[in-house]
Amino acid sequence: MESPSARRRVYQVLEVAHHGDRLSRGVDVALIALVAGNVAAVMAESVEPLHRAHRGLFDVFESVSVAVFSVEYFLRVWSAAERAPGEAPAWRERLRWVLSPMALADLAAILPFFLSAVVGLDLRFLRVLRLLRIFKLTRYSGSLTLLLEVFRSQRRAYVASLFVLMMVLVVAASGIYLVEREAQPAAFGSIPTSMWWALVTLTTVGYGDVTPITTWGKVFAGGVTLVGVGVVALPTAILASGFLTIAQRNHERLSSDAADAAADGYVSREESERYRELAERLGVPPEVAAEIMATAADAASAVGACPHCGKDPFEA
Amino acid sequence: MESPSARRRVYQVLEVAHHGDRLSRGVDVALIALVAGNVAAVMAESVEPLHRAHRGLFDVFESVSVAVFSVEYFLRVWSAAERAPGEAPAWRERLRWVLSPMALADLAAILPFFLSAVVGLDLRFLRVLRLLRIFKLTRYSGSLTLLLEVFRSQRRAYVASLFVLMMVLVVAASGIYLVEREAQPAAFGSIPTSMWWALVTLTTVGYGDVTPITTWGKVFAGGVTLVGVGVVALPTAILASGFLTIAQRNHERLSSDAADAAADGYVSREESERYRELAERLGVPPEVAAEIMATAADAASAVGACPHCGKDPFEA
Amino acid sequence: MESPSARRRVYQVLEVAHHGDRLSRGVDVALIALVAGNVAAVMAESVEPLHRAHRGLFDVFESVSVAVFSVEYFLRVWSAAERAPGEAPAWRERLRWVLSPMALADLAAILPFFLSAVVGLDLRFLRVLRLLRIFKLTRYSGSLTLLLEVFRSQRRAYVASLFVLMMVLVVAASGIYLVEREAQPAAFGSIPTSMWWALVTLTTVGYGDVTPITTWGKVFAGGVTLVGVGVVALPTAILASGFLTIAQRNHERLSSDAADAAADGYVSREESERYRELAERLGVPPEVAAEIMATAADAASAVGACPHCGKDPFEA
Amino acid sequence: MESPSARRRVYQVLEVAHHGDRLSRGVDVALIALVAGNVAAVMAESVEPLHRAHRGLFDVFESVSVAVFSVEYFLRVWSAAERAPGEAPAWRERLRWVLSPMALADLAAILPFFLSAVVGLDLRFLRVLRLLRIFKLTRYSGSLTLLLEVFRSQRRAYVASLFVLMMVLVVAASGIYLVEREAQPAAFGSIPTSMWWALVTLTTVGYGDVTPITTWGKVFAGGVTLVGVGVVALPTAILASGFLTIAQRNHERLSSDAADAAADGYVSREESERYRELAERLGVPPEVAAEIMATAADAASAVGACPHCGKDPFEA
């Protein structure tokens, strides 16, 4: 049963498709379509008349989806051993995969169905939970890599700015509580109640369902709106700084890798392949990577085209 | 009829005017004024009393406009052959132009008029459609080049952030649906209905026409407003990063081009012209380009002024 | 009457105070206080009961203010000849000053008073106009230099983004007019009327006084809120990019100037003074400028302290 | 009583824990938990029913908290002498500490309790004031260092943008007062009253409790919303520019320090320790610092691992 070649093929097919692997790409597209269909179904089901009219159809679609996702899950567990063959025992690779965020999202997509069969739970709540299947899609978005990298690199700044926000929130809520609690006891009668207004104001959402009416309340609230502009500015600034830093670092890494590859005057197919994989891992778009390589090859007077087939080794 | 010299002149006149071509500039200004007049007319027509009082005037203006835009369109098709004379057959250049976004905007400006003459369509809708003529103006804004370049270079990050927004939107809408649907069935009775609130909150617009009223609804919504700050931060950060990257790349390209031009100790009229065109194509303002050239000429001890006429070859 | 030394002194006193000139600083502070008092007075006067109770006081304060501002204006015209003595005739320097934005703000501060004495104008409107005297303060804020420089350097990008906004605004207003005009004729009965909603939504202000109520209106409006996030992102990104570009350029200019000054192994008092003035003109804070100079002096092994008095020539 | 060794230990324990000091870390965690508990208690107390039900419990918790914070305060005053032993007399170090912002936050945490015992003050107000104890937490957030550094480095730009905001605010409030005061005397009857609307609009909060209803009011307000987008853009752009500048400066400082340490071909334990402290003081995350050191060591062909114990001297 543990035929390595079959397992290897299953692993390749389930992974995000490499250039030219049609079966793998077809499976990717089918799984993405199924997830999209699931999200659409859950949303449609929440509309009462639709739910009542097509209950049977929704149930069949749900069963089929769970069946497909279950098979997918177990094939992924099985083929996870192929991630780094020979390096670690199969069971360790599998455990590693099962505990990865991606695998937990996959498990969360099927578990509620089986749980609800065992335990009697609120069906409505469980049905909505199926929406979390949307997280299965993160696997297919290459550009998310860059976003997550940026978030990760700036997480300390985020924690600090969240801490600042908490302090500002507490001060804003207690301040408005002190000045407005007598004029509007329903909205500002306690600090936890006042937090709703403080949060809506500091994030500049500004619903207007609760606003100060006393003069001092408005003066204090005016100061809070100004602080809110700063609160909104913080994550934007951190994120922008993170994007630029990561973009520069990726540029430097690719430049250095490209210079290494071109140093001997010829960029081989393997060097080119390795370079392209590095670019993909870093989330750098192919055309930018190709430009960096072209500059490096130019600087080293390296051969731009493969001397055997005559094609540009960097074109997609 | 296919007199190359007349066609060439028509091509030059219809293109955005080069420095010194008065007829071309006059045609540009006239066409811009006509588009602006059209936009004003459509907006005025939508005011019922104005429409009733001046119906005849509006119709005459519309007919004249369509006539002018039609002549403009056919002259553009005809003269498109002059884009790269000798390189490709005329019909191919024309087809290329007809399928370009600019040409489609030009076509969209006249087609509805002729369609409504053939098929009987809702006139009100068609009249408003004429507002899309405003897109004809994009041709004349040189600085839009830079904006579009930035958008294009960051399109992958935008797709990723739109994907993040969709996931967050689905989670926000279904979460508020779960906690608020019983308290406010009209606004939160289904997930699609709840999306209106989720979108208005996540973009920090915050109309306040629909807001949570239960305690748990407010707690969940508070979290959503915080996430909304991040959602708004993403495109800003991506855009800022894109602007800076493009600005640096343009600076490098111009510096390198300027250094090449100044390397032989003299910046000729053709070199200067080519450099100015490159700066225009990159969307770099003339004064910045001139500063870069001055630095390069300084570094190469190149002649700053033309030795024949004595004028500064870089001044506008 | 045209005593050059007296005129020179008046010029120095009226200019923003240099380090150590006590009289000049005193005049600055007095004028700033008077402007602030004027702003406070105009705001207080707009409160009807206050106005009725202290009408006489307000009138006296206004007369005194206009008298002081008039004397200031004429002294500035007179002493403007000292800006670049010997370079141009006095009348040309004065004309140059009179036509500068600063001088126009100064004139706008006194002209309405004299106009209202000649022509009988709406007093209420004129009183409020006095608030524009606040622009006289721009003279004293050194850091505004940097802000204005950034705005100026990015003005083309701003024009382009304003153009994008106008197109988006027209499309948003006409789209909501098409889908909502029958449901809410008061708010969306014509395109100009719908622009109020479009502008409030695209800027993410979101008052909520007018919101779509039909399903298609909400779907279209949801798209507009998303575009609004991009609209808000544009100026932020342009501004951030401008700040960084200017900051880097200023850093390079100061570095190069500091390297020149330190090249001969000693930074003289005049070199130091010229460097400090350059930093002030560029809007770079003194401590940052001092750090750049220290680095340059370090690199050139230049003398850090004046060999005569032994003091650090860069400290404030 | 002034046993130096005991005082030194108390100083170390009260300072933010260094790697490996378990007692110090335990005290940190206990104090953080106590502050968090205080914040929770004040918020709970503001809920009237909770306050009435558990009045005694709240009082005991408050007394215990004040006792702990008082002991902490006096121990900090006492041990402050250990900050730089031998450099300055103990009383001067203590005075310096007492006047530091951190110490004032510590004092503000206990003073109101003792004040209310002496003078009879509004208890409700005093209770809320205890929320300011949250500022005691700033001591423990290492990443706040970076945020504060950024704010400090850009403070001049902030003052300038606040000045711009003030001018815009005055103009917006007086403009809307002129056009809307007759239609809505309650909301726009005077300039100070109109400021509420102006501030809510310029910060893009947009409650919608007060909006213009006349046509000219809406036209003017539309312009103000556009200006508001710019007002919100300013602090974001300044902050982003500040983050990047500081990040680059820190990177350069650490690179230069790392190059110095690696120049002799070996990075000693002391050099590594000093480098790590510099990184911590600058607010640079350890993994980024380690990467910079690795690059520097690589460039200098320095020993990556300690030749004695064989461990990587840079790992956390």
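Just so it is clear, A, B, C and D label the chains in written order, and each chain counts residues from 1 on its own.
Just so it is clear, a contact is a pair of C-beta atoms (placed from the backbone, for glycine too) under 8 Å apart; a residue touches a chain by one contact, two chains touch by 3 or more.
The shown structure was predicted, so the numbers you read here are calculated from the model rather than taken from an experiment.
Two chain pairs, B-D and B-C, are compared here, and B-C has more C-beta pairs in contact (counted per touch definition above). Interface repeat of A-B: among A-D, A-C or B-D, the matching pair is A-D, sharing over half of the residue-numbered contact pairs.
Separating the CA-averaged centres of subunit B and subunit C is a span of 30 Å.
If each chain is reduced to the centroid of its CA atoms, subunit B and subunit D end up 43 Å from each other. Residue positions 204-208, 232, 236-237, 240, 244 of subunit B are each in touch with at least two other chains.
Taken in their complex, subunit A has these residues touching subunit D: 153, 156-157, 159-161, 163-164, 166-167, 170-171, 174, 177-178, 189-192, 201, 204-208, 211, 218, 222, 225-226, 228-230, 232-234, 236-238, 240-241, 244-245. Taken together, the subunit B residues at the contact with subunit C in this complex read 39, 42-43, 46-48, 124-125, 128, 131-132, 134-135, 137-138, 141-144, 146-147, 165, 195-196, 199-200, 203-209, 231-232, 235-236, 239-240, 242-244, 247, 285, 288. Within the complex formed with subunit C, the subunit A residues making contact are 204-208, 236-237, 240.
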